[in-house]
Structure formats: structure tokens, C-alpha cells
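Scrolling down, you'll hit the structures one after another.
The following pair of complexes shares a single chain, subunit A, combined with subunit B in the former and subunit C in the latter.
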Partner chain A sequence: MLLSTILQNAAPYVLAATGCLLADRAGVVNIASEGMMLFGALAAVLGAGYSGFGLVGLLAAIVVASLLAAILAIFHLHLRANLILAGLAVNLLATGGTVLVLYSLTGRTGDSSGIPQGSLPEIAIPGAEHVPVLASLSGQSIVVWLALISLPATLYLWHRTRLGLYIRAAGESESALVESGLRPNRVRWAALLLSGLLCGMAGAQLSLSTTHGFVRDMVAGRGFIALGAMYLGARTPVGTFVAASLFGVLDAVATVLQVRTNFSTQILLSIPYVAILLALFLNGQRLRRVRRGIGGVS
Partner chain B sequence: MSASETIAVVPRQSGAWRRAVLRGGGRLAATVALAIIVIFVLLAMSADDPAAALGSLLSGPFTSSFRTGQWLSDSANLMLSGAAVAMVFRAGQFSLGAEGQILVGALAAGAAVLHLPSFPGVFVVGLTLGALAGFLFGLVPGLMKAYGGSDEIVSTLMLNYVATYGFALLINRYLQPASAGYPVSDFFDPAAFLPSLRIGQLTIGLALPFAIGCCVAVWYLINWTKTGFEMGAVGASVPFAQATGMRVRRSVWLSMALSGLIAGLAGAVIAEGSTHRLIVGLSANIGFDGILVALLTANRPLLIPLAAVAYGYIRTGGDIAQLSSGIPREVITTLQGFLILAVTARAPLAWIRHRAGRRRPAHGGPVIPGPAPLRAAASSQRTGS
Partner chain C sequence: MVATTRSSIGSGFSVLMTNHDLATVEPHGAGEPPTGPPYRLEAVKLSKAYGQLTANHEVSLRVTSQSVHAVLGENGAGKSTLMKMLYGVEQPDSGQIRLDGVPVKLPNPKAAVAHGIGMVFQHFGLVPSLTAAENIALGVEPGRPWRIDKREILDSIGALSDAMGLHVDLKRPVARMSTAQQQRVEILKALYRGARVLILDEPTALLTPQERRALFDAVRRLTEAGTTVLFITHKLSEVAELADDVTILRRGHVVGHGRHADFNTAQLVELMVGGRPVTARRAPAPLPTAPKAASFTGLSVTGSQGREAVHGVSLDLREGEVCGLVGVDGNGQLEFLEGIAGIRPVTAGRIEIGGVALRRWTHRRARAAGLGYVPEDRLSAGVVPAFPIVDNMFADRITYGGYRRHGRLDKSRMRSEAVRLIEDFDIRCTGPLQPAERLSGGNIQKVVLAREISRGPKVLLVAEPTRGLDIGAAARIHEALADAAREGTAILVLSSDVDEVLAISSRICVFHEGRLVADLVNGDEVTAEIIGALMLGSAEDGPADSPAASPADVAPPAAGGGA
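The block that comes next holds the complex of A and B.
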């Protein structure tokens, strides 16, 4: 029971953090993950609600989040807007835009209760009801499964494909990429679009499986936590996956504690942020030791 | 990563400066035009009668003297928030933490005036403590960056959430009267209200001159003091500042802490001048509005009052339109996103020319698109196209 709650809560973090990782390693920090998840969550509810198919909702979320990623790519890579500010702008577009879209469709600004509620298709393992771990896995939404696959998939991308190599090169040594006759911007486009796709899935999981329905600002910082999870995981696929899963565990534990005890909600909710701050600080210390002698603040 | 890459600081005493100001003016006009078009499109999407809604949004702040006062008070808050952001951006630090610092400042000011005995001028104590709290809350990411090398973008984003939850927690636990059904403190004693001046029907808070004064102070600090010069130099180029023996670390943490101080003041001013009590959601995103205000002026502190008054007009108009026409005030949040994109897109014209020019074969070789601005270091190694 707890394991299945953990899986449901961890999936959005894992997918969004993987998205942040791909973008970051290509040299584009994606702080718009928050907005991409939010708009993805709304698109998923609308797609699933109006078509009646959960998969359509998932597709809608992916398309909309990728569109936001494309806006970010156009403004940053071509129009030379500062990446962080453009990311911030995309987040604001999502915060405001989701409410406006909801309002123009249903006349409500708070939640999607006027829209028929769909849900993501679930994958069950036949005959797994009595096997301890498999029982929790069985019946999870397709996005949870995708989140589980995302780690091997990312590792494969990283170490076995050209795109993975190019993405890492774009972040670490742009000149090497240019000298091999490639365009760094194209690689960054690909990384940003992949990032949008993953954040869209994460959003769909939030509104169609972990909870049912869209509520304004429902992402509530999860995109930023995912970004932090990537730093906590030292910008590696495995580290990011583990860190993101930990935040999923924390979410699940917080939900349980909120229901069963009167432990302060606010303290529980702020734990991930404090953890990321600590990680940033410790990681900075580590880098400083490595760089000692090369000099100062960068 | 440094904010100075976004914001070209053109040296004065040159013809280039005048041209930059003219170009800036043209750009501002284009931005205003864009803003109105975007608002209209958004209203057409969401309102039954977009023209009437636009009218109520654009004329809103002048429909009553109460609303005019509200507009000016909101503008004062925006000025302080914008000054805090401009301060830190000019120093080349990419702090996005104004929102959290505002909350911490408001909390410190509010907690102080709620617990202190009432005496005339107690509001000054609140302002001082708010500023101090903001300073300390800005110092944390500053020291983390200066001595720990932690990326300030992520740390300030995280601290915003810590502040939001801490604010709600402390109100909930210690300041909420038993009778209140939602997280809110008692009203402050009137001695803790920011004094205001009544001119006929119009009430103008002390906040407005105070905020303008803060903008002037930031301008003075950046342009006329040694510390400010060091901050600007560090913002422009860390290696240069280091090579000339400037105190790089001090500049990093001090600029972020001073920005926090101004944001903390903004929080105290909002609590004592606008809401008159602590209430969850008190900052209402004004820290991020401050980023837009700073960007609209390309981080020139003396222009911030103008930008704040202009943007405050639209913000207040949005609130009024929500009351009168029922359109969600998220129209303004969305507009904010569009405006930040428009203001930060640095090279739309150059890009169009570049696209047009690419049809012709350029000197034989393949044309390599311009590098991302944040990768300036890498691009300097490029051999050019």
C-alpha cells in the first residue's frame, strides 16, 4: 500500500528530474519544468475529459509541455533571451494561462470540476496480487511504468547513442561539438523538447493518476524540487533517479503523517527545499575542494 | 552565469548613452503597445465583453480616489521590490529570492509590532526589523555562493518556498487569533500603520516617497560609492575584478544581502502600509513583479519609479477588472510572462536579418548559428563562421 503511494508520488519527480537533467547537461538549465508540468497537468485533464481516453490526455500533456519547451528554445536559442528569465516567463505563462484556459472553458478559476474526469490507463500484472512487491506495481498507471523505464532509457541514451554523447558535449565542450561539424543549438533544441516531453508526462501523472482533476497551482513547486533533485543527484542519471525517488518517498510519508498525526504540514512540505539547500551547499564545498587553487567564485 | 549578460550597462558620458536611452524609450513604447494587445487577446479569450473589460482594466485606477490611492500604494511596493532586484542584477548575481525575502521582512515587522507595546513611531521599529530580517535572509544564499560556490538561482528559488511555508507555519502557530478561521494575524495597532497623507479625497502613504528614496539610494550606492563600483565590476567580469584586487566574495554576499534588505523593507511596507496585518499570500507574487519592473528599466534604479507606476497601473487595473467584470486577475500574470519574454529577447531584429541572410550562400562555409549567451566563454574559443 505504502509502496504504491510512493510510486505514484515519485513518478512525477523522476520524470521531471530526468527532463531537467537532459536539458542541464546540454547546457540549458530548465527552470520552466514547473510551468511545463502545470500546463501538462491541465492539458491532460482536458484531453482525457473531452475525448474519454486517458492516452489522449497523456498525449495532450506531452504536446502542450513540448510547446512550452519550444517557446523557451526559440526565445533562448534564437532570440538570445536570458535562459533563466525566459524560464521564469514560461512559468508565469503557465500559472496565468492555465487559470485563463480553465476559466474560459468552465467559468471556474479554482479547479476542473466542470470537466469529466478521465484517468490514465493502468498496467496490471496478471496474478501478482499476492506477491509482495509486484502487487504494488500491478495496476499502476502507464506513466509510473514509464518513470521506472526512464532510468535504463536515460542510461542507454547517455552511453550508447550519439544523441546522448552530443547532449553531454553541448554542455561540457561546445567547441568540440562545433569542430565536429555539429550545431550545438540543434542539440539543445532536442534536449529541451525531450525535457518538455518528460515534464508533460509528469504533469499528466499528477492530474490523472496521483490525484484526480486539475487544481490551480497544483504542481506547487514540484518542478523546482525536480530541478533540485538533479543537483542533489550530482547531475548523473542514477543520482538524479535516486534523489527524485527520495522526494517521492518523502511526499508519500508526508501524506500519511498529515492524515494520521497533527504534525505540521508546513514543516513536512519544506523538507525537500531544505534538503536541496543543504545538498547545494555540500556540493559547492566539494567542487571547491576540487577547484582549489584555480580560484574564486565562478 | 551572470545577469550582466542580459543587461548591457552602457557607460554614460558618451553619445552611446544618449542613443541607448532613445532606443530604450522606443522599446518601452513598443512594450506598452504589446502589453495592451496581449491584454486584449487574453480578455477576448476569457471575457464575455472584452471591450468593456479592457475599458474597466485601463480606466480602473482613476474611477475613484480610493482606487487611485490603491494604485499608488501598490506602485510603491513594486518600486521597492524592483529596486531590490535591480540592485542584485546590477551586481551580476542572479537572485530570484525577492519573494521570500519580502515574506520574511513582513513577518519580522508584523511579529514585532504585534508584540511590542504601542507607542508613536513603533512602525519604524517594524521597518527596521523587516529590513534586518531581509538582510539576513539574503545573506544566506549570498554566503552560500561566495564561500560555498552554490548556484544562487536554485538556492534562492528553494529559499522562497522555505519562506512561504515558514510564514504560514508561524502565523498558524503563534499569531493567529483563536477566532480567525483562516491563517491571518490580528490587525496591527494604528501606531504601527505607515503614516499617510490625505490630500482632499486621495490618501497617499508615506510608502511612496520612501520607495522613491530607496531607488535613489540604490542608484547612489551603485554609481557613486566604491562598494557599488566593486559590485558592478564583479558583475561585469569576475576575472577582471579579481585581477585588480577587488573583494569578489564580499561583493557577492553583500550585494545579495543588501538586495534582501530592500526586499525585507518592501515586506514591512506591505504589511504596515497595505494589509495592516499578516495574511498568508501577502506578497502576492510581488517579488517576481519586481523582476519585471527591474527588467523594464534595464536595471536603472532612477527609472524604476516610472516603470513601477506604469506596471502598477495595469496590476491595479487587473484587480479592479476582476471585481467589476469578473475576469480572473491571472490575465495580469500571463501578461507578465509575455512581457518578460518580450523584454529579454535581445535580438529579434538581428535574428530575422540572420534568417533572411542565410538564404544567400555566405562565404562558402556553413553558417553556424549564434551561441547561447550563457555560453559566452565557449563561444570565444570558436573560430567564427
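The block that comes next holds the complex of A and C.
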């Protein structure tokens, strides 16, 4: 039961953090992850609700979040807009835009209760009901499975593909890419689109599996926490995966305690936010030590 | 035989230059038609100007296939500009580049690479967190789009590095490599891309002697394997050890070229440093009884690479003295100056200004003790570019300079004083509110000098006072320095232009390998040749092919001092 809750809560963090990782290593801090997730969550509910197929919802989430990523890419990479401002604009667009879309379709501004509720397809392992760990895995949504394979997939991308190599180079030494005859902005476009795709998946999981239905501002800072988790994981695939999973655990613990104890709900729900503050502080201390130790590369 | 060359320098200023016994020296631009096989790489009358500054004037260069060709010259002689044009980083204003006799256009480095030209810059263009192999193969990875063939990369680079004797751990991130190893990675990167002409920009600047030897061995092997190497240097010893041919640049002009064996050390020094007649006046030497303005004892300073760059240097300055600080770039003179200024950590020694010893030396304390500092890079370190002249002039003293009234800045007083300084220092501007970045280099320098001199320093440190400036602005700046000296300020001025130091200083200190090797009273008997020889480490540095006029034979008049 707990493991199952953890998986459901961790999947959005893991996917969004991986998305942030790709963009960040390519040299673009994706602070719009929050907005991408939010719009993804709404698109998933609409897609699944009106078509009757969960997969259509997932696809809609991916398309919409990638569109937001494209907007960010156009404004930042081509029109040279300040990244923080462009990212904030995308987030604000998502906050207001999702409510607007919701209202124009259902007449309600708070939630999607007027729309038929779909859910993501689930993947069950036959005969796993009585095996301890597998039982929790069995029956999880397709996005949870995608989150689980995101780590090996990212590692493959990192070390085996050109795109991964270029992404790692783009964020660190643009001139090295240019000197090698490559175009840094193309690499960043690819990384941002992938980032949008992953954030869209994360949003779909939130509205079609972890909870059912869209509620305004339902992402509740998870996109920002994912960004923090990526830094906490020292901007590496494994570190990011572990840190993001940790926040999934905290979320799950908060949810379970909320149900089973009469501990103050507000305090319980603040656990992940307090945790990210603490974690980033500790991470900052670590980085300071590292910087003091190594002079850096010219 | 005497070859007389008339060369125009900068803005129409003409200098008559006499070269003795240099049979192989040709006046620039007077090339005879090439005979025999075409040169591997040829530059024909390349010119390049940045604004008013002529970096290269009709520079011609001929590099024979499979040779090592050195481009020798001082800082600012135009070596780097020439190399950048050959690698497509900069575009020549006029002239032509030929490869194997065929004219080529190099609009960007990619085109140069496509023509088989590779370049290793002084500051490497590597991605720190990528491994050596990933850096070398970046952009030209073998394998399918979604799967890089790592084995193929390691095998092919491994074979290349074995063949050339350039050994590096290919799986290690370059961030964890030494400078020498990173340089090897850069060379391999160029070769992996098919470079057959390799340009090395000051390849030994950051290497230890052992690493240097290893590099030279590798360069030899490269040429044996068919590569042509062109390297930039200002070290005569490297020309002697490595080069087959040499082209000497001074102030953007080719002042000599030919087989290295045809030159002796004295000739190379003269060509490189120049025997230009000194026209400007020398600052009057201060009376030996003038009080001590500052005293530096046993200073050791850490350089950018974390290594010690200055080893226990002692120097006293008297009031009204202009002390010139010279040395070949990277020999510690800049670090010495920056250490005194409190910009670099001083690891050992004692600094006294006006008889007061100071502890925990920082730039703020240095200023409080009566130090003025004109940094080497005037635009990025000397001024806040976007701020108006007036703010730049008083930025150092708004807290104590009496520019405060009722807790606010007294802007009208600042402005009226700025107007006075603008007149005093002849700053050409539209007024005190013009942003510093809109001024020409010479006027920016005057703003910096106005600030530093008007604060009435006991000691004024000046790095490269007139680099890149036209003659008029340079003269005005020299005048301002002389005026400050007359007022009793002790001035320590660093310049890579030996002629400038000879012209303005009353005393000259020469740095070599982090030590003060000579401390001379400036006079008519002190010439650029003597200084040049001292800068190059004199005796131990010269190739043994010049038994006659070894510069070390000329004893410096007041040698001594130093560590």
C-alpha cells in the first residue's frame, strides 16, 4: 500500500526532474516546468474525458506541454527574451489559462467535475498479487512504468547518443560546440521539447492516476520541487532520479499520515516544501566546499 | 650589408629602422615569385585593423610542408591576429591565404577545419565534464545517429595518440586533467578532425619545463608523420629548440623571416624588440635622498594557475620615482603588481607604504594606505562601462571624499570637480555625464588616471598605460604620469613595450621567471637590446650560434638588487 502510494507520487517528480535535467544540462533552466505540468494535467483530463481513452489523454498532455516548451524556446532562444521572465510568463499563462479553458468548457473554475473522468491505462503483472514488491508495481499506470524506465533511458541518452553528448556539451561550453561545427540552439530546442514531453507525462499522471480529475493549481509547486531535486541530484541522471524519488516518498508519507492519523494536515502537507528548502541549503554548502577545493577549469 | 626598411606604424607615424647584417631579411611585401613546390600554407599581404589600431599590416608568411614554423614577436605584435585569420576566426581586411598554392577563403573555423587546418588556442575550447574521448570526437562521432560507436572512438583515437606519442587517459573527464594533458587532448582533437596544418598559440605558456619537452618531442613526431606545425611564441629559446623557419612580427609588420639557422640571438632580439630611437623624455631621477615611499620585502605571489608566480621579490620605491617593470609575459611582473595592489594573494613578504607596515593586504586596505592602481584591462577592470564619467571618477571616494551632504551624494560638487579633471587630463567627451563605454580607449584610460592621480596616492601602480592607444593619447598619458611623479608620487609602471619603459622611467626592473633579475638606473647606455636580453634570461636562454654579440656581454650598469 505504501510502496504503491510512493510510486504514484514519485512518478511526476521523477519525470519532471528528468525533464529539467535535460534542459538544464543543455543550458536552459526550465523554470516553466510547473506550468508545463499544469497544462499537461488539464490536457490529459480533457483528452481522456472526451475521447474515452486514457492514452489519448496522455498524448494530449505531451503535445500541450511540448507546445509550451516550444513557446519558451522561441522566446528565449530566438527572440532572446530573458529566460526567467519567459519561464514566469509560461507559468502564469498556465495558471490563468487552465482556469480559462476549464471555464469555457464546463462553466466551472475550480475543478473538472463536469467532464467524464478518464484514467491512464494500467499495466498489471499476471500472478504478482502475492509477491511482496511486485504486487505494488502491478496495476500501476503506464506513466509510473515510464518513470521507472526513465533512468536507464536517460543514461542511454547521456552516454550512447549524439544528442546526449551534445546536450552535456551545450550547457557547459557553447564555444566547444560551435568550434566543432554544431549548433547549440538546435540542441537546446531538442532538450526543451523533451523536457516538455516529460513534464506533460508528469501532469497526466497527476490528473489521471495519482488523483482523478483536474483541480486548479493542482501541481502545487511540484514543478519547482522537481527543478530543485535536479540540482540536489548534482545535475546527474542518477542523482536526479534518487532526489526526485525522495520527494515522492515524502509526499506519500504525508498522504498516508493524513489518512491514518489526526496529525495537523497543514503541517503534514508542508513536509515536501520544508524538505526541499533544507535539501537545497545542504546542497549549497556542499557546492561551496567543492568550489573551494577545485579552482575550476579555464 | 645594410637593409633599410621604411615602415609606417599606427597613424601615419614613420620610423626609420636599420637592420645590420640580415641578408635574409626582406622588406615586407617585397616577395619574389615562389620557385619549386608551392608552400603548404601561405599568407599574402594580410592586413587587419580593429578600429584605429592596425593589428596586421600586409603580413606575409610562407610555411614549408612538414616544417615547424615559429611566429616570433612581443605581446601586441599581431601574432594572434594573424593566427586567427589563418583559422577563420577573423577575416582579413585585405590579402590572401593560400594552401598548397591555391587561394582559399576561410569564413569560419569550420571552413579552416575542412581545409585541414587545426588550431590549439591558449585557452582550450574543451567541455570540462566530458571525457577526453568525447571531447575529441565531439561533432564527428562515428556510429549510427542513436548509438555512438564508443569502441570505434577509443580505438581510432588510441591509435592516433600512440602514433604521435600524445598519451592521455581517454576515459577521464578533462576537468580532472592537468593543463599539459588538456593541451594534448586539444592537439588530438585537431588531428582527429584531419588537421594537416596545426597552429599552436603560445603552446608552452602554461607548461612546466618537463611538459614542454614532451610537447616538443610530440611536435617533432607530428612533422615526421606529415603534419605542418605553425607556432606562436615570444620565447627565443623555443625558436632555437624547435623551429625550422621563423617569421618575426613587430607592431603588426613582418620585420624578418627565413631559416631559423640564419639568425643569431642578437638579431632576433633586435628584430623582436626593435631598436627604435627613443624620442620621449625620461623622467628625472629622484635624488637618492628622497624619502622612501614604499618598500616591498620578499614578496611571493600566487598566479592564476595556483602556482607561485613571484618568488620572494624585494623592491624599494622613492618618492618621485618612475620605476618601469618589464618582463616577457608570464614571468611574474604582472602578478607582482597585482599582489601589491591587493588583487592577488601575497603568500609571503612584507609591504610598507609611507613607513607603515600593513597586515592582511587587500585592495581596500591598499587604497586606504595611499595606493593608486590602474589595471591592465581598463574597460572591464578600470571603469564601470555603463556609468557616466563623473561616477567613474569618484567611485573610490564617495564614502570619505567629502562628496556627502545630508546623507546624500553632493552631485553638483562631483560634477564640477569632474569638469575640472576633464580639462586637466584633456579627456575628449561630451561632458561628465557621458558613459565611460562611449569613450575611446585613450580617453577611458585618462578617466582612470584622473581618478587614481587625483586621489593623491603615495604609490601609483600602472599596468600597460598606453596599450592600444594612439600616439597622441599615449603622450598625454605619459605627461600625466610625469606630472604625478613631480608631485612626489612613486610610480611603478608595467609595460610590455620596452621602448615605452625606456622613454618614461627613471629606473627599470626586469623580471624573469618570477624573480627580479635586474634593477637598472635608466640612462643613455641602457638600450632596448640590453633590456630585451635580460627579459629573455640572457645567457642561458640564447642559442649557441652567436659567439660575437651575446647580449650578456653587455653588463647592465647597475645590476643587482632582486632576490
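Definition applied: the second predicted complex is superposed on the first by the 292 of 298 C-alpha atoms of A that agree within 3 Å, B and C clash if a C-alpha of one lies under 4 Å from a C-alpha of the other, contacts with A are read in each partner's own complex, and residues count from 1 in each chain.
The rule is short, and it goes like this: a residue touches a chain if its C-beta (ideal position, glycine included) is under 8 Å from a C-beta of that chain, and two chains touch if they have at least 3 such contacts.
Every value quoted in this text rests on a predicted model; they were computed, and no experiment measured them.
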What does the overlay on subunit A give for subunit B and subunit C, a clash or a fit? fit
Using the touch definition from the top, say if A:99 reaches subunit B (first), subunit C (second), both or neither. first
Taking the superposition as given, does A:165 touch the first partner, subunit B, the second, subunit C, both, or neither? second
Thinking of the overlay built on chain A, is A:29 touched by subunit B (first), by subunit C (second), by both, or by neither? first
Tell me which partner A:173 touches in the superposition: subunit B (first), subunit C (second), both or neither. both
Apex subunit A: angle to the C-alpha centres of subunit B and subunit C, given in degrees as a multiple of 10: 70
With both structures fitted on chain A, tell me whether subunit B or subunit C touches more of subunit A's residues. B
State the minimum pairwise Cα distance, in Å, between subunit B and subunit C in the overlaid complexes. 5
Check: subunit A residues flagged as touching subunit B and also subunit C 173, 175, 181, 295, 297-298
Quick check on the complex: what are the subunit A residues that touch subunit C? 159-162, 165-166, 168-169, 172-173, 175-177, 179-182, 294-295, 297-298
For subunit B, which residues are in contact with subunit A within the complex? 1, 3, 5-6, 42, 45-46, 94, 96, 144-146, 148-151, 153-155, 157-159, 161-162, 165-166, 168-169, 172-173, 238, 242, 248-249, 252, 288, 291, 295, 327-328, 330-341, 344-348, 351, 366, 368-375, 378-379, 381-382
Would you tell me which residues of subunit C are touching subunit A in their complex? 109-110, 113, 123-130, 134-135, 138-141, 145-148, 150, 174-175, 182, 306
Contacts from subunit A onto subunit B in the complex sit at residues 27-29, 31, 71, 75-86, 88-97, 99-100, 103-104, 109, 173-175, 178, 181, 183-185, 188, 221, 224, 227-228, 231, 264, 266-267, 269-270, 273-274, 276-277, 280-281, 283-285, 287-288, 291, 295-298
